[in-house]
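Letters are used for the chains, namely A, B and C, taken in the order the chains are written, and counting of residues starts over at 1 for each.
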Amino acid sequence: MVEISEKFKYAPLIVFQVILLILYFIFTTYGGADDVGVRGYEDTHVMIFIGFGFLMTFLKKYCYSALGFNWLLAAMVIQWALLCQNFFHMEDMQIRITKKLLLEADIMSATVLITFGALLGLTSGPQLLFIAIIETALGCTNLYLCEAVFQVSDIGGSIAIHTFGAYFGLGVSAALRMKKVDPPQGVQRLDGPSYVSDTTAMIGSIFLWIYWPSFNSALSSSDAEYQRAVVNTYLSLAAATVTAFIVSSIVNHEAGKFDMVHVQNSTLAGGVGVGAVANFFISPGAAIAIGIGAGVLSVCGYKYLTPAMEKFGIQDTCGVNNLHGMPGVYSGLLSVFFAFFITSETYGSEMEHIFEAMGEGRSAGVQALFQLAALITTMVLAIGVGFGTGIISKAPIFSPLKETERYDDKINWELP
Amino acid sequence: MVEISEKFKYAPLIVFQVILLILYFIFTTYGGADDVGVRGYEDTHVMIFIGFGFLMTFLKKYCYSALGFNWLLAAMVIQWALLCQNFFHMEDMQIRITKKLLLEADIMSATVLITFGALLGLTSGPQLLFIAIIETALGCTNLYLCEAVFQVSDIGGSIAIHTFGAYFGLGVSAALRMKKVDPPQGVQRLDGPSYVSDTTAMIGSIFLWIYWPSFNSALSSSDAEYQRAVVNTYLSLAAATVTAFIVSSIVNHEAGKFDMVHVQNSTLAGGVGVGAVANFFISPGAAIAIGIGAGVLSVCGYKYLTPAMEKFGIQDTCGVNNLHGMPGVYSGLLSVFFAFFITSETYGSEMEHIFEAMGEGRSAGVQALFQLAALITTMVLAIGVGFGTGIISKAPIFSPLKETERYDDKINWELP
Amino acid sequence: MVEISEKFKYAPLIVFQVILLILYFIFTTYGGADDVGVRGYEDTHVMIFIGFGFLMTFLKKYCYSALGFNWLLAAMVIQWALLCQNFFHMEDMQIRITKKLLLEADIMSATVLITFGALLGLTSGPQLLFIAIIETALGCTNLYLCEAVFQVSDIGGSIAIHTFGAYFGLGVSAALRMKKVDPPQGVQRLDGPSYVSDTTAMIGSIFLWIYWPSFNSALSSSDAEYQRAVVNTYLSLAAATVTAFIVSSIVNHEAGKFDMVHVQNSTLAGGVGVGAVANFFISPGAAIAIGIGAGVLSVCGYKYLTPAMEKFGIQDTCGVNNLHGMPGVYSGLLSVFFAFFITSETYGSEMEHIFEAMGEGRSAGVQALFQLAALITTMVLAIGVGFGTGIISKAPIFSPLKETERYDDKINWELP
């Protein structure tokens, strides 16, 4: 009996896949080829499936699960997000699928993968799938709020993707209230890396880093905006990387040595930190300054904040708070700050595309307020619904993990 | 004496490389830059050299050979295929090389790498090179038959590349008649993965998955066709992935757990399954349905068919029958089915590019018959010539492997 | 006290990053979007950060340092090179940053990474950073000499990037005068690969190989030139790969077996060998011939020359002399040779873009002489300044390594 229920543990997912199938038959068709030149789709695709997937292989005995769940979750979420995002924009009850819609679905799947990073090794497959389905629906709604209601500018998704995904994950984690436990004597600790797993994690980290300029610029609407977003992100990432190495060598308890956790993650904080303002006229120097700030913030978060949160029962396995959460908030606040300096002299014809509402008369100060409102709304929704989802996900039907099953591939995989 | 013949084991390959050199001097020149905007060349390049190469590193002690032979074979075959494919289309006895021709050479090399997948660990280097040279010549001829004689539509090469490569490989394998043998007691089994080799195999698998939409759309002739091929492939892959995970967890003998073989391979079956119809107006819903079917077919093939074939002495190390063979046939049959629904209302001006003969008056029913004829011809040629090539490759001059030399890098490499 | 100085070992880098920040604020702004369609930026980015990074993970206990320093150096150098390269071309005291400038900064960072390859495992972090800062400034000056003064054609940077980076590194290495030392009995040798580290190195090697055509064609100024550079590089790489495998199996002391060092490196020599003439009308056959030559040259270099140099105290851990140095010189000499055959009949309107000075009347013979002059100047400058930099880098302030600290991650990293 137990055996049979184990066998069909993922059966509800069949139902969900069939529902998706039916919804696609009813509500979708092919779109026109106007947006076929959309940039960044392939690069973003690499970030989602290779980048996030391999970054999470740093745990010594959770590589299969990291790669497998990353893939399974994203493959499911991209189908689901494409519908959720575009239910708000249907014509004749039809979603007209273009390459741009595929790109946006990929981007939305990042929220779920960030959340997965917080929970890595702490939840079962069915829990993850349940969380992903809820989070996608809410994430698309929140994105709609940010874009269509608050009309904020957030080209790299630092608010609607990174902040959202991180705090949703921390909300779930807070609900799970898991304490770090030491394994019984003689049993290997699984909550750390091996030499090889840290090396494979670098595949993910570096690919994320490489294509982050493509990610932050993908949804730009003109060549000039696109190039500015690429330049700002490239410089911010470079500066964050140099900074992360330096700060890591200073704060490390082995003086002068680097910590792989910082190198794999805080290097990327420059991409998140500049995300919400990547297409602004901030100046290349400011992009570097933002990257430096993001690098410091992120390494210090890993060093001081994550251990403190763990004491309160908020686990964050990949430290997404330090890579996506705080840098996302930082980026959101930067967008509030820089919004005050928006003028039609500076932005010219780009103005109405980047700040739609300002094209229709909203003032710079009001735009700044809306940027702040979007950030706060995102955090409140993410934490609140994340917490609720976490509570529900503890139900036995989702087979939550026992303490001894954490960070362990063998509960999910037939191992060699 | 033996030593000397070992030393020059690959000497015939020098001869072949010099022949290629001469043929290039005589028959090739630079083409015009009209097709310079051809899409998918770089992405396909990654699939061939990283994708296939790393996917085959799953065996614990055959990583060097997998990567090395993959690279050597593809580097030789792309030079050879570019000539073989275009001997049929010379002007003034010259092949005018463009980026599109490089792309087509890459695509043809996939057939050889699929065949290599079937034979992984079972053949010597000289055998592989001999097989590759024959297969490329025949594969290009078969492609010419499909394209220019039968005038079928097969944008993703599910018939002419995947089905061909898989059944050619199975033909060779049948000729080799190798039985699975257990190693002597105390000797490690080499025909399985290690934890690390399965992780590196995921690099290949995921990159193949990511760029498959680029592969299936690369040879499209309009933006609309291109985008449709991308959308269909993206959705089919996503659905096949979700399905492969679910079915894997159901059929696995450890109930509810995933099997890496399925995850690495059957996830990709959605790309093959939709290949021959990726540019058709099948509807996005149908793309998802096709992906679901491909996922089920592929996992069940791995679970039930491969072990059965092994009993008949047909080894298939990577299970290419389940990833390329059966999904290729499935896609071919889908192209027969969907051909019946081709109308000039649906396809408009794309009609004459996608179904050339129909632009000149061929009916939908006749097109369907030709799709079927191409599929059958491909299979018959591949199995027949594959079998013959396999028989010849057993000659001592190709230094076939002894039983104890299988799946072992040490016969091909100086190891650390 | 020692502890404190260790802790702030990388503090001077903070100063340098802040100087960069200030220079960017003063001297840079966003450029126009004219060059936004520049090709090869993303692909080159992958080569620099994944390609070089992973290629250098072949040492068994230096994977973290290879990946980490590669990343840190490149992230610092791209910021610095963008300034150094464009100080020569400022308008109104401003550098207008475009995507093309980012690409050129990436390309320049390759020189430093090539130098790092020669010194892999032999120097401390502070030494590397000091060397990188000097080398970048000199490399940009040398590039300016080649391009603007000598007006040579070197699209793939075989002279100004590969030859420069390799001989700068050998210059430093000669100054360091390190002897190969055997570890004390019972201590593991660290100057070789493990099975896994050789596999991860292939990630780097293959990605370099895949995107080399993009690298060699990135700075082309017309579609036709671009396509020719892609075709020539693709063919040269393919031929070099086949050749490297064959020659490796012949010269290997285990007859008929391949050596991973050759496979990882000499396969790429085709890209360097054809670099300086990739956009020339050399004919596809000649591209293959060049690749064959490069493959032979490179494998023989690894087999015979590197051990000989080691006896003279010139270490070259990655053998950059065989992959970048000699193939770079070979390519430079090829550019001298092929320059004699430049005619305006062959090149038409491309003439003035590829050979600017010839558009203004320089003869083919004089162009050939200038190509030679650029090659010689590059080598002299690189070796000379490299040697001087090496001497200075031995100062205690740069914490040079003790013999027992070589090739060892544990001096740079907190290890699991």
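Everything below uses one rule, namely that a contact is a pair of C-beta atoms (placed from the backbone, for glycine too) under 8 Å apart; a residue touches a chain by one contact, two chains touch by 3 or more.
Protein identities per chain, from UniProt: A, B, C = Ammonium transporter Rh type B.
Everything numeric in this text was worked out from a predicted model, so none of it was measured.
Looking at the partners of subunit A and subunit B together, the chains they share are C.
Different-residue interface: subunit A and subunit C share under half of the residue numbers found at their contact.
Rounded to whole angstrom units, the spacing between the C-alpha centres of subunit A and subunit C is 34. Each of the following residues of subunit B touches two or more other chains: 196, 200, 203. Listed in rising order, the residues of subunit B touching subunit A in the complex are 43, 60, 192-196, 198-200, 202-203, 206-207, 209-211, 214, 222-224, 226-228, 230-231, 234-235, 237-239, 241-243, 245-246, 249-250, 252-260, 263, 267, 281, 283-286, 288-289, 292. Of all residues in subunit A, only 3-4, 6-11, 13-14, 17, 20-22, 24-26, 28-33, 36, 42, 45-46, 49-50, 53-54, 57, 63-64, 67-68, 71-72, 75-76, 78-79, 97-99, 102, 196, 200, 203, 411-416 touch subunit B in the complex they form.
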